[in-house]
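The following pair of complexes shares a single chain, chain A, combined with chain B in the former and chain C in the latter.
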Partner chain A sequence: MPQNLPNFSHSVRLKYVKLGYQYLVNHIITFLLIPIMAGIVIEVLRLGPEEILGIVRSVHLDIVHVLCSSFLVIFIATVYFMSKPRSIYLVDYACYKPPVTCRVPFATFMEHSRMNLKDSPKSVDFQMRILERSGLGEETCLPPAIHYIPPNPTMEAARGEAELVIFSAIDALMKKTGVKPKDIDILIVNCSLFSPTPSLTAMVVNKYKLRSNIKSFNLSGMGCSAGLISIDLARDLLQVQPNSHAIVVSTEIITPNYYQGQERAMLLPNCLFRMGGAAILLSNKRRDRNRAKYKLTHVVRTHKGADDKAYKCVFEEEDAQGKVGIRLDKDLMFIAGEALKSNITTMGPLVLPASEQLLFLFTLIRRKIFNPKGKPYIPDFKQAFEHFCIHAGGRAVIDELQKNLQLSAEHVEASRMTLHRFGNTSSSSLWYELNYIEAKGRMKKGDRVWQIAFGSGFKCNSAVWKCNRTIKTPSDGPWQDCIDRYPVHIPEIVKL
Partner chain B sequence: MDSFLLLLCFLPVSYLLFKLFIVIDQKRHQCCYILDYHCYKPGDDRKISTEFSGEIIRRNKNLGLNEYKFLLKAIVSSGIGEQTYAPEMIFHGRETCPTFEDGITEMDEFLNDSIEKVLDRSGVSPSEIDVLVVNVSMITSLPSLAARVINRYKMREDIKVYNLTGMGCSASLIAVNIVQNIFKCCKNAYALVVTSESLSPNWYTGNHRSMILANCLFRTGGCAVLMTNKVTLKNRAMFKLKCLVRTHHGAKDDSFSCCIQREDEQGRVGFHLDKTLPKSATRAFVDNLKVMSPKILPLTELLRFSIVSFSRKMSQSIDGSRPVINFKTGVNHFCLHTGGKAVIDGIGQSLNLSEYDLEPARMTLHRFGNTSASSLWYVLGYMEAKKRLKKGDKLFMISFGAGFKCNSCLWEVLRDLGDRNVWDDCIDNYPPENLANPFMEKYGWINDEDPSTFKVPE
Partner chain C sequence: MVSSDEQPLVHDIRLSTVGPGRVTGQDVVHEPTNMDQAMKLHYLRGVYYFKSQAVQGLTTPNIKEPIFTWLNNFYHTCGRFRRAESGRPYIKCNDCGVRFIEAQCVKTLDEWLELEKDDGSLRRMLVSNQVVGPELFFSPLVLLQITWFKCGGMSMGLSWAHVLGDAFSAADFMNSLGQVMAGLKLAQPLKLAQSHISAKISPSPPKSKDPLSVKRVGPVGDHWIAANNSKMKAFSFNLTSTQISHFHTKVCGQIGTNQIPFFECLCAVIWKVVAKIRDGPEPKMVTITKNDPHGRKNGVLSNGQLISIVKADFSIMEANPKELAELVLNQAMDERSTIVEAMERDQGLSDFIVYGANLTFVDLEEADFYGLKLKAQKPAYVGYTIDGVGDNGVVLLLPGPNNGGKVVTLIMPEDQVLKLKFELKKEFSIA
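And now, the complex of A and B:
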């Protein structure tokens, strides 16, 4: 007991010192202005009203001066407004909620696994161990074609899954926002591993009868971070085209990509990837400013493809039997950490408050000049963001990021609960997490959200959103029926 | 007082001038220039003649004599010559069971070749590339082909990369559209557009009539295009983008399903080409031209056309010929997607083009076949090799794609061009006197054979 007390008081004192430092640096302009304003007020009070009127009259304010100065003001204001980039708003988004019939509880998954992999019990064991430690729950879903024994991945089934997921998400989005198909100017669909001809974008254009001059783009192969790449593309397009709506659809179609072989490194994705999708409506119209939920402030993309190890750590290839699957390397976590470091190096100066940036600068100078072996200072990102949406790639990813960014359990709660309830839905997982935060009623006006996603290649992409209006707990959405049960405690190992 | 009046007039004038300056400055940096491009030419061992195509068809156990006749007729009348290129696995006899690796190797050959050549020739290092757009319709891989390019050439970390798939033969112009938009936001950038098609994993092994055609018509090809919006490179640039129009007819059900990838009754995946394809293509083409014509044709031609159509309607004459808009008033060269002889003939007829205008497309179809999205760049190469492109000329590119899309754009030629590029070894032989397929003389008898008594010759 006595040993703890000195540390406790020391850390409390340090905490107050830190707080004081942060307030001082972040509000330095206010602190400087206060004495100046006080000085002016005292001077004015000293002068008295008649003298003030005398000064005003002597300035000779005639009409010419007034006109010139107002022209100058208007001129400067116009230049300022014209050079600002357009604001991009997220009006609303909708996540796909799979039907109960597609659920894959652990028992079902293991039973199917035992039947499909009759010839290699070691692989079945491996899958069981992965599932126990995965952080997934009993309510994640797989598409209908995968429920067959053996799975039946035809192109028609894959198209069926795509239609089910994408059309449900877009229907929900259109109902929420009231946007008409004729109003959509830009359409971007991203799905990594399924790309029929005509593309999924053409499928959406056909179903909703979108306009013939729509700008459509179909991105694929870009991994779990493709959602943020699509947002980046939509942002660039909306900067160029005024008064437009853009719909971004992020999904991953599992049907054609279920690995049917026995190689262990390739069985891992089978255990983690689940069905899901999201549709997002972005706008740069002035009248959406009030009803939009979020405003997009930054998107930062980092691509580590030039490094061979990073490039090969998530790789689609054939195994010895010629079956195609995705191999995940053992170094994945380390590479993810490196990619994250690169990303936050670019992101830091854009979002961190002045206090953190100065601290980082001082510790950098200190390390370079005095102590080369010192630990690098990790800026406190909790100062810059209220909410974090970390791609639910797997338990290890969330643990690693929590450690690297020094986040508390509450910050990563949205990610962990999404992994538990929906599994790894690839590029759409960020939107399920955002929906969790809203469903818990934690999103207030002015809150800043940081979405981080990793993807094959190896990419690390981040997007920063600012909440535009306090969001009431949504009455619909994927979390509607189960939010009250969350958060749940997820044990280290679930015994199967 | 006078000086104040002067100031009064001076300020709003200078304000307007400043506004004008900002607009011009923005526009200066928003122009989209092509610095260089390089089309892919595989080695001579990959050439496929009509006779060899016949052998490949015979090899397929699922195809009988009727299909053999149908396909040979299609190949012979398609306008494809004897020197087009096919993927390697066909030469090993493995077209019915392609592996995933085959598809990747096919792409690697192209990516390792063209991009290096275009960057070397223009003196731009891979780490200077700011935007990369890769479009290959029919293959998806993880990591994407774009990531493959970044890994092979060690490009920068903050590169803007996009990997488009599934967008059909018109995807080249969609990639150019992305670059055009990004150039409006980013100054002083280099962009690389890489376009090709993957044939190996998409061979159809069944015998459904509408799907076997796709096997015979597509050929290997690809192109890497280096683009920039740097004003300082204007003197070195080849082309400047004037305008780009995209038309998407996916809303119409018959347009959407006329060109679709699906499974046949036996579960084999193939590319279904419907009989309504020409009609959908024409519809999309007309819609696209409706938007494009006002942007590229001079006012005189538009006026003339509207007056003629109006007077025709008023007089209600039963005169058969409808007024045709004369595109040659605004366009000097026509760069058509080499989808097939029927496509080229159809466009030629609707735009009233002469044989001289259609020559580049016909010759490209003959020499390289239908290389899907990259075919436009081979046609461009032909025009350049024939020294047709002079400074100030306007070039109209038009392409069609599954969905159904019709995309077109107008380029302005910035300097006299004459590099023989990928046509180096054969441009002097073009145009040949006779485009007829030599196969017809040798095997024309096949059309008279009776299916019940015919045995496939050994």
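And now, the complex of A and C:
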């Protein structure tokens, strides 16, 4: 017992030292300014008003000097304001809530697996083990075509799912924001695995009768991180085009991509990927400044595709029977970790407070010069962000990130609960997580949110948002009827 | 069964699963009672036929969607069987769901019913033949088949594991689907009654002998169907109210006081016919099952029907039908407590068959089969049969589509069917 007390007081003392250090470094300018200001005030008081006037007159200012100086000031100010990037606001977003008729309980999934994979009981067992440990719940949804034994993935069914998900999300978004179809200037749809002709973007333009001079883009094949790629693209476009609205639709269409073979490495996506989609309204209009929910501060994209292993770790190919599926490599987690490290190395200097950056610099110098084998210092990102939205790619991804970034259970709660309620909805999962945080009433004005997504390629993309106004608990949205049941305890292994 | 063209009569069959919309929760179980376990080797197969007016504008998704709401009240029918450590089966309510089969038929409803008159076995194409097992984990207890006819008519085939409840419960189950589809809220409590030993059966001193109305079979293990010595075949015939009253008067005398009900008269006559045509000793015992209104709580699915045994100590072939009918009416002995007893002694592990252990007469007149209403219209016809019937055969008396009419369905060994048909035609003066 006595040993614990010194440890406890030692750690408490350390905590206070850390707090003091952080406060000092983060407000260093204030601390430096105060003595300077104090000095000036004392000097002014000492000199007295006549002396000050004398000093001012001695500068010999005449009208030309005054005019030139003011022009210079105005010129510099204009250059500054013109070159400042436009503020991009997220006005609002809507997530698709699948109907209860699409629900897939574990038992149903296993029974269908058993009937579809009659000849490979080992594969069925494998799927059962994955499902038990997946972190998914009993309410995740698959599209209607996949409910058949065997699944019935026609192109018509895939289009049907796309229409259902995308149109529902956009309808909800339009209702929430009041934006009219003729007001949409930019439209970006990202869906990795289903890319028909005409594109999904064209499908939206057709349904909502959007303008003929709309700037539309359809991103396919870019994996689960494509949602943030679309946001980045929208941001760049909104820099060039003033006074515009952009709609970004992120979704993944499951129907054509359900793997119907028996290869274990390719069965994993079947267990995790579920129906979902989100539509987001971005704007650079000044009048949206007050009603927007978030302001986009940073987007950082990291692509590890130059490395062969990273490129091949999530790979769509045919199995020995000619059935197409997505193969996930065994070292996926390791590659994800590396991609994350790259991303936060770029992100760190942009968002971390000065105290953390100094610490990182010192430990880096110390490692380089004195102790090459020392552990790298992981900056405390909890000081830079209040909320974290980690792509709900799977339980392992969330666990890995929680460990790497040293996050608490509450920080990853949004991700875990989204995985439980909706499964891995690919690029739209970040928006379900953000909605969870809002639904719990935790989003306050000034809060910073970090969205991290991983995707095939291998890519790690992050976006940082700043909350523009305290958000009231939404009365609609996908969490509306179940938020009271959350958070739930998700057991390590669910007994099926 | 393939018609002269390439396309089979019933084609385009697609399987899926529908379950309850609401999450039932972890570790919810339903324990069948001893009486339920006694009936586990039997399956009810019912087909409800609807004319096109009743289903106009309905599509398969229109039927699937309300099923999710409907099954919230019957979540235990969506579960799957497991075995406890003692080996006793119980249902894990894991929301696995009921199997949903969609099919198309090349004939119109009227054409189909005509075809069925000649070959009753065609009806098997409209309802699933599946039984529970050999993998209990993955065996649905309820299967629904929706078959669309060329004219726009539709048939709904219910395949029902008897362990869930008797035919009266199955009828209530289906009727509540009609109510949900009409947008009505179900009155039943959402929490089903927990496992209970049927309170109406009074505890009797432990008897060491088995009940007479059941036969021990197996052990069947996890494949819940008993083997038959002879192949069983089903056939039915409709009776109009005129034929019924004519027959009734013939058997039981003038319509008046103290009249023996039609069911008992039917039992007596068919008993005699079977005794006549069967090789070997005549059946001296028959099992009678009927509705027990006291044993059924509204909305709860259970095996509450009355099962009784009738023993005759005189020759059946020479007996007076009226006497025999009176015997059936008055001397039937309730065997339910004995059955429950026997099952309890074996801790729910025995395998029994009830229907067909002796010649069995099942009175389903009070089953509300025509209560399943779509667009406020009742079915044009409802036919039920039982699978897993023993070699001694079963006779079912069902309500008919029109007031006063009835349907008699017999499930007998194949080799006796022709003779039976001949004799019964004589008895009932059917053309």
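We take it that the second predicted complex is superposed on the first by the 461 of 496 C-alpha atoms of A that agree within 3 Å, B and C clash if a C-alpha of one lies under 4 Å from a C-alpha of the other, contacts with A are read in each partner's own complex, and residues count from 1 in each chain.
Methods note: a residue touches a chain if its C-beta (ideal position, glycine included) is under 8 Å from a C-beta of that chain, and two chains touch if they have at least 3 such contacts.
Small disclaimer: the values here were computed from a predicted structure and weren't measured.
More residues of chain A are in touch with B than with the other of chain B and chain C.
Of the two partner chains, neither chain B nor chain C is touched by A:45.
Using the contact criterion defined above for the overlaid structures, shared-chain residue A:29 touches neither chain B nor chain C, since it reaches no partner.
By the touch criterion stated above, A:493 is placed in contact with neither chain B nor chain C. Of the two partner chains placed by the overlay, only chain B lies in contact with A:229; chain C stays clear of it.
Look at A:197: by the touch rule set out above, it reaches chain B but stays clear of chain C. Of the two partner chains placed around the shared chain by superposition, chain C is the only one that A:100 touches, whereas chain B remains out of contact.
Once the two complexes are overlaid on the shared chain, A:316 sits against chain B while remaining clear of chain C. The touching residues of chain A, counted against chain B in their complex, run 64-65, 67-68, 71-72, 75, 78-79, 82-83, 85, 154-156, 159, 192-203, 205-206, 208-223, 229, 232-233, 236-237, 239-240, 301-306, 308, 311, 314-318, 322, 324, 326, 342, 346, 456-459.
On the chain B side of its complex with chain A, the touching residues are 4-5, 7-8, 11-12, 15, 18-19, 22, 99-101, 137-138, 140-147, 150-151, 154-168, 174, 177-178, 181-182, 184-185, 245-251, 253, 256, 259-263, 267, 269, 271, 287, 291, 401-405. The touching residues of chain C, when paired with chain A in their complex, are 14-19, 21-23, 26, 64-65, 68, 80, 94-97, 135, 138, 140.
Within the complex formed with chain C, the chain A residues making contact are 100-101, 103, 105-108, 110-112, 114-115, 137-139, 147-149, 152, 494, 496.
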